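Data block below; observations after.
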Amino acid sequence: MVVKEEEMVLVTPGEVLGKATEVKAGKGAYVAKHNGLVYASLTGLLRTLSPPPDSPDQRPTVEVTGHKAHGPVPEPGSVVIARVTKVMTRMASADIMCVGAKSVREKFSGIIRQQDVRATEIDKVDMHLSFRPGDIVRASVLSLGDARAYFLSTAKNDLGVVSAESTAGKLVYCISKYDLNIILFYSFWIFCILQIASNIISFITLFKFS
Amino acid sequence: MEFVSPEGLRLDGRRPTEMRQLRAEIGNVAKADGSAVFEMGNTKVIAAVYGPREVQNKSQQMSDQALVRCEYSMANFSTGDRMRKPKGDRRSTEISLVIRQTMEACILTHLMPRSQIDIFVQVLQADGGTRSACINAATLALQDAGIPMRDIVTSCSAGYLNSTPLLDLNYVEDSAGGPDVTVGILPTLDKVTLLQMDAKLPTNTFEDVMQLAIEGCKAVANYIREVRKFLLIAVDIVGLCLVIKFRITFVF
Amino acid sequence: MAAKPSTTTTAKATYSPIDPTRKTRPPIFSGSDVDWLRPDSRGFHQCRPAFFRTGAVNSASGSAYAEFGNTKVIVSVFGPRESKKAMMYSNIGRLNCNVSYTTFATPIRGQGSDHKDFSSMLHKALEGAIILETFPKTTVDVFALVLESGGSIRFLVKQVDELDTLWFAVGDLPVVISCASVALADAGIMMYDLVASVSVSCLGKNLLIDPVLEEESYQDGSLMIACMPSRYEVTQLTVTGEWSTPHFNEAMQLCLDASAKLGKIMRSCLKEAASDEQE
Amino acid sequence: MVGLSEGEQEFIKGGIAQDLRSDGRKRYTYRPIYVETGVIPQANGSARVRMGSTDVIASVKAELGRPSAMQPDKGKVAIFVDCSPTAEPTFEGRGGEELSAELSSALQHCLLGGKSGAGAGIDLSSLVVVEGKVCWDLYIDGLVISSDGNLLDALGAAIKAALSNTGIPSVHVAAEAASDEQPEVDISDEEFLQFDTSGVPVITTLTKVGKHYIVDATLEEESQMSSAVSISINRQGHICGMIKRGGVGLDPSVILDMISVANFVSRQLMDKLDSEIAAADADEDES
Amino acid sequence: MGLPNASEDLSSEMEVDAFRRLFPLRYFERHLAESIRPDARSLSRARNTTISMGAVASADGSALAKIGSTTMLAAIKMEVMTPSLESPDEGCVSIDFHMPPICSPLVRPGRPAEAAPVVAKQLSDTISSSGMINLKELSLVGGKAAWMVYLDIYCLDADGALFDAALLSAVAAFSNLQIPTVSLDDGKIVMLPEEQKEENSEKEPVNKEKRKLTLGGIPFSLTCILHKNYILADPTSEEESIMETLVTVVLDSSNQLVSLYKPGGAVLAYTSAVQDCIALTRQRVKELHQILEEAISGMEID
């Protein structure tokens, strides 16, 4: 699906893109029920995608690729990266920093409840052994949650704590009344702790610019 | 200023131990669980009770008793001079607290743990004795809502002007600056639950004034009982007729 | 310059019941429909020159600046972001609007306070145009700041008390609404359509489009429409003053036509910004 | 907030579509209206209006003030509405302020007319005592005691009734004072003058539910609305104010249709209200 | 700094700005090690700065100042007042700094920004201590009437170095100020409306000559961040939120030190670091002076 240069058409919200009987509304477009027209809902480039040859619906899809889409918003099912802020006996709160690979503009609050930490032996999970404030966690969004927070889950092999830092706060961090032996596992700069429900240890990303 | 004429009549023509006309109306606010309008002469208040219901603010929830809340507000037009006061000024906070504590004392809160009862009182006209009128209205509204109570609470005020104890002060008498005793009693148990006085008064005079106020409370209690009695009969009739909404007015 | 209404009636010593025969009419239309020149010498059905620019505030998700004659407005859009803690859970997104004035927006130095009335009107004008279902539970904040109000001439208002509540130039509101819809489009918030808003003042038999403060203070009636030009739907409508039905129809049609034109200007501004970004 | 199940929602919508609402009314039928006047003795005029379970009080107070510099030949009127928490627990504290502000501003739009005074229910120039110096300030206060939808229409009706009940003391101005001094005035205790309220418009709110619109919606019906338009119309059938209350966009032709419906409904409402007010005034005179 | 190679595989699925969001300090420190900042500036360079005069028609003097994306709109309104008894021949200047909700995601309506009163106080302190405005010049009739000058600065876009931008806009607004003409009428001061200026002959303006203020030593400022051994001039809001030790130096046009603020912070400033900041400010003052001159002359040509 390559868009040719001369096909670049800019549209703004509310512009008519076609009839619902002739085209399907893709991203950035919607169908008005009362008159059966397809309108744009974003500003951006109009693209017409031809349907896959084997699909029963042979209408082409029109979509508007936003020149500037709004910041990402967590949705049920999306994988997020969050920083743990507070650990309680039944749940841990975390600030969602990235949705997918994109960083959010302003943080969203999430909570990981005890039953969503791992897939097995869910009643034996000790929240304080699983998370520490400051940990970076990969989690998936279970639901929109309640008025305050999104409900997150780490109960999958590829989810869980990916990184915990012990730079400046190292000393304070290590002397924990729960398990001093954890100190043994601390590397000087990045450590990984407690894998949840699996042995897979993944390390945090760093990037190189340029 | 002369508040009691040589003939022994007050400014509004009452005798010193005479009460203003009482009037009550129940079930004014259809959406509330219980509601009542109570009038003492020109003082008119409306009370609405919501609950027992789920506690709105979970942190206030109590596992052994119900949470009782109260808000007192005055309508802009309730006083002679029009005023526009912000909500939650000192006076209304104080009265809210007084009403809440008085009502809490007689509600059997332990029967309704983890729940919340809201009492809202709105003054439509203020002509002295709003505190008492609010408590009386709240009692009626609580009864209307079917909330279990130890006893009803009734309240009345009395003052002391021109060396005469006066029952049920109106606004002019109230603002004369003399002592003003507000009493709230549980009439059947014959116990005083609320007593407020804010002026200097010799002890023996005080006893007279308080006794007068208590007599006033009892009169209010009789009136309220009568309203209720009438209402209970009405409920039976209404039940028979399968009419759901009703309103009943009673003039003392 | 329009003078203050001259004394057409002798001062009455006492209160008198309404005299239906007496009609106070501003002297500017005392005769027939004289050629009343508008302060900025526009035609009756001519709007002030409108100018829009997106991206006025970098720290916002989207923003726009609008200038209609002397009315200057900046609107920032933030979000979709987390709703305030006190909010209840909601399946659809929330829109939160706020309009405030600078202290120097009005000819007499003001308090620079929030304008609650405009905030709620802005909310009503926009909520029908935003696809709130696309950002459940979160909030989009639309904040507007009126840098300068439309009162072009140093118009002396000596006392502003509790009773003069409606003394702000209502003519600023359409600018705020239109500008906010451009800012929303700039922020990439999904919308059914842009919202273009226009007001008319009725002076005597004449309809004056896009009035300035001075004209508004003499108006017999006003009509403000916010509409979605492409869908041809009205999202907000406020009318004051007395209107017969045909007169109302005429005014509404005038507004709808003008907002269709305004919508074109808004679209071209957005497209320009988008094509700049492409390059 | 009204918590309704999907079934109940469908029931309400379906009833409206079939012109038989859940309380047996047709789409353009009001609930019975009860008017009581003179309920607040301290005020110059007052009225209480009940429509079903909606219960509101309006009071009018007149105070002497100074006309504004911009309009020296006019008195001033302000409308404020308060929502008592008795009507709805969520109005507690500052919870009712948003609705109060919205209702106040809608009433000002609908009843006070344009800046020059055209279309106003109250002729402001009749409130002037001495031009540029002394005038009556009317403070109109509304209070919502019990709410079951359609507050704006009820408040509008209550204000109309309160105004018809209002007596403004006649004022005698002492000898003409010097040009820049406030003249002395003498307010009469006995002589009162009545307002002519025939010009006060009534407000009709048309609530759009599904494809149809209804008048006098209850709270449950309001929760299902897609949009609502409040139109104030006077005796002559002229529009005196209009405000759309949020919701989705409406086609201009729908709005025009709504106006013609409102025109028809408001005439009935006005007649009903006038007879109720007359009856209430008669009642008050008797007692 | 050794980075585990295991991180490589995750970097593929993370975008740069995600890393920037998760580990801001590390992100910045890696940049600083290369002596460059994320917006491609060198450490000691300030952002692009512009001034436009007379932005607000309804004000007596106004200016819009931009440093990078930080935007400030300053406007002055003059009113006549009776001077106080202590200083009968002096006018008064009132300075207010506003951060409306449009300027930053951190400000919400009804909750004023924390930074606003701090900047307002710094501004009025700086302007009064710099002696830029001679309050005696604001007197109209000794003991009877004087000018009350209201300076309101609105932050339209907050992206760091708020004080620098606010001060610049204030200075520019003062240089743009046109004092309205007033006349004496029976001992009362009357403002002359614009349109009557020429034809009105009976009322002689009292301040015909004094239509402009003479500005004394004009203050200019530069805010720097101290982080470890680095000094970053003119920080953005992101930099301010990550590295917390700020130093603001105010110099007047003749390079006299007017004030110096270092409101706490983790890094202790050594004398040498402060000296470096002052040196940077000196350079910056030259730039700003030139920008201001250009803006003023640009106005005059128009």
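Note that the chains take the letters A, B, C, D and E in the order they are written out, and that residue 1 is the start of every chain.
Here is the rule we use: a contact is a pair of C-beta atoms (placed from the backbone, for glycine too) under 8 Å apart; a residue touches a chain by one contact, two chains touch by 3 or more.
If you want to know which protein each chain is, UniProt gives these names: A = S1 motif domain-containing protein; C = Exosome complex component RRP41-like; D = Ribosomal RNA-processing protein 42; E = Ribosomal RNA-processing protein 43.
All values derive from a computational prediction rather than experimental measurement.
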Remaining connected clusters, assuming chain A were absent and nothing shifted: one piece
Partner chains shared by chain C and chain E (touch criterion as defined above): A
Touching chain A and also chain D, the following chains: C
Chain with minimal offset from the mean of all protein Cα atoms: C
Pair of chains with maximal C-beta contact number: C-D
Chain whose mean Cα position lies farthest from chain E: B
Inter-centroid spacing, chain E versus chain D (mean Cα positions, whole Å): 50
Distance between chain centroids, defined by C-alpha means - chain B, chain D (Å): 31
Distance between chain centroids, defined by C-alpha means - chain A, chain E (Å): 40
Inter-chain centre distance, chain C versus chain D - centres from mean C-alpha coordinates, in Å: 25
Touching two or more other chains - residues of chain A: 105-106
Residues within chain C bordering two or more other chains: 78, 81, 192-193, 228, 231
All touching chain pairs, where touch follows the definition stated at the start: A-C, A-E, B-D, C-D, C-E
Footprint of chain E on chain C - complex, ascending: 1, 56-60, 63, 70, 74-76, 78, 81, 84, 98, 100, 102-107, 109, 112, 114, 141, 143-145, 147-149, 151, 154
Residues of chain C touching chain A in the complex: 61-62, 78-83, 85, 87-89, 131, 135-138, 185-194, 228-231, 263, 266-267, 270-271, 273-275, 277-278
Interface residues, chain E side, partner chain C - complex: 56-59, 62, 69, 71, 73, 75, 77, 79, 96, 98, 100-105, 108-110, 150, 152, 154, 156-159, 193-195, 237
Residues of chain D defined as touching chain C within the complex: 65-66, 68-73, 76-78, 98, 101-102, 105, 108-109, 112-119, 123, 125-131, 136-137, 168, 170-173, 193-196, 199, 227, 229, 234, 237-252, 255-256, 259-260, 263
Of chain C, residues touching chain D in the complex: 4-5, 7-9, 11-20, 22, 24-26, 116-117, 120, 123-124, 127-129, 156-159, 161-166, 192-193, 202, 216-222, 227-228, 231-245, 248-249, 252, 256
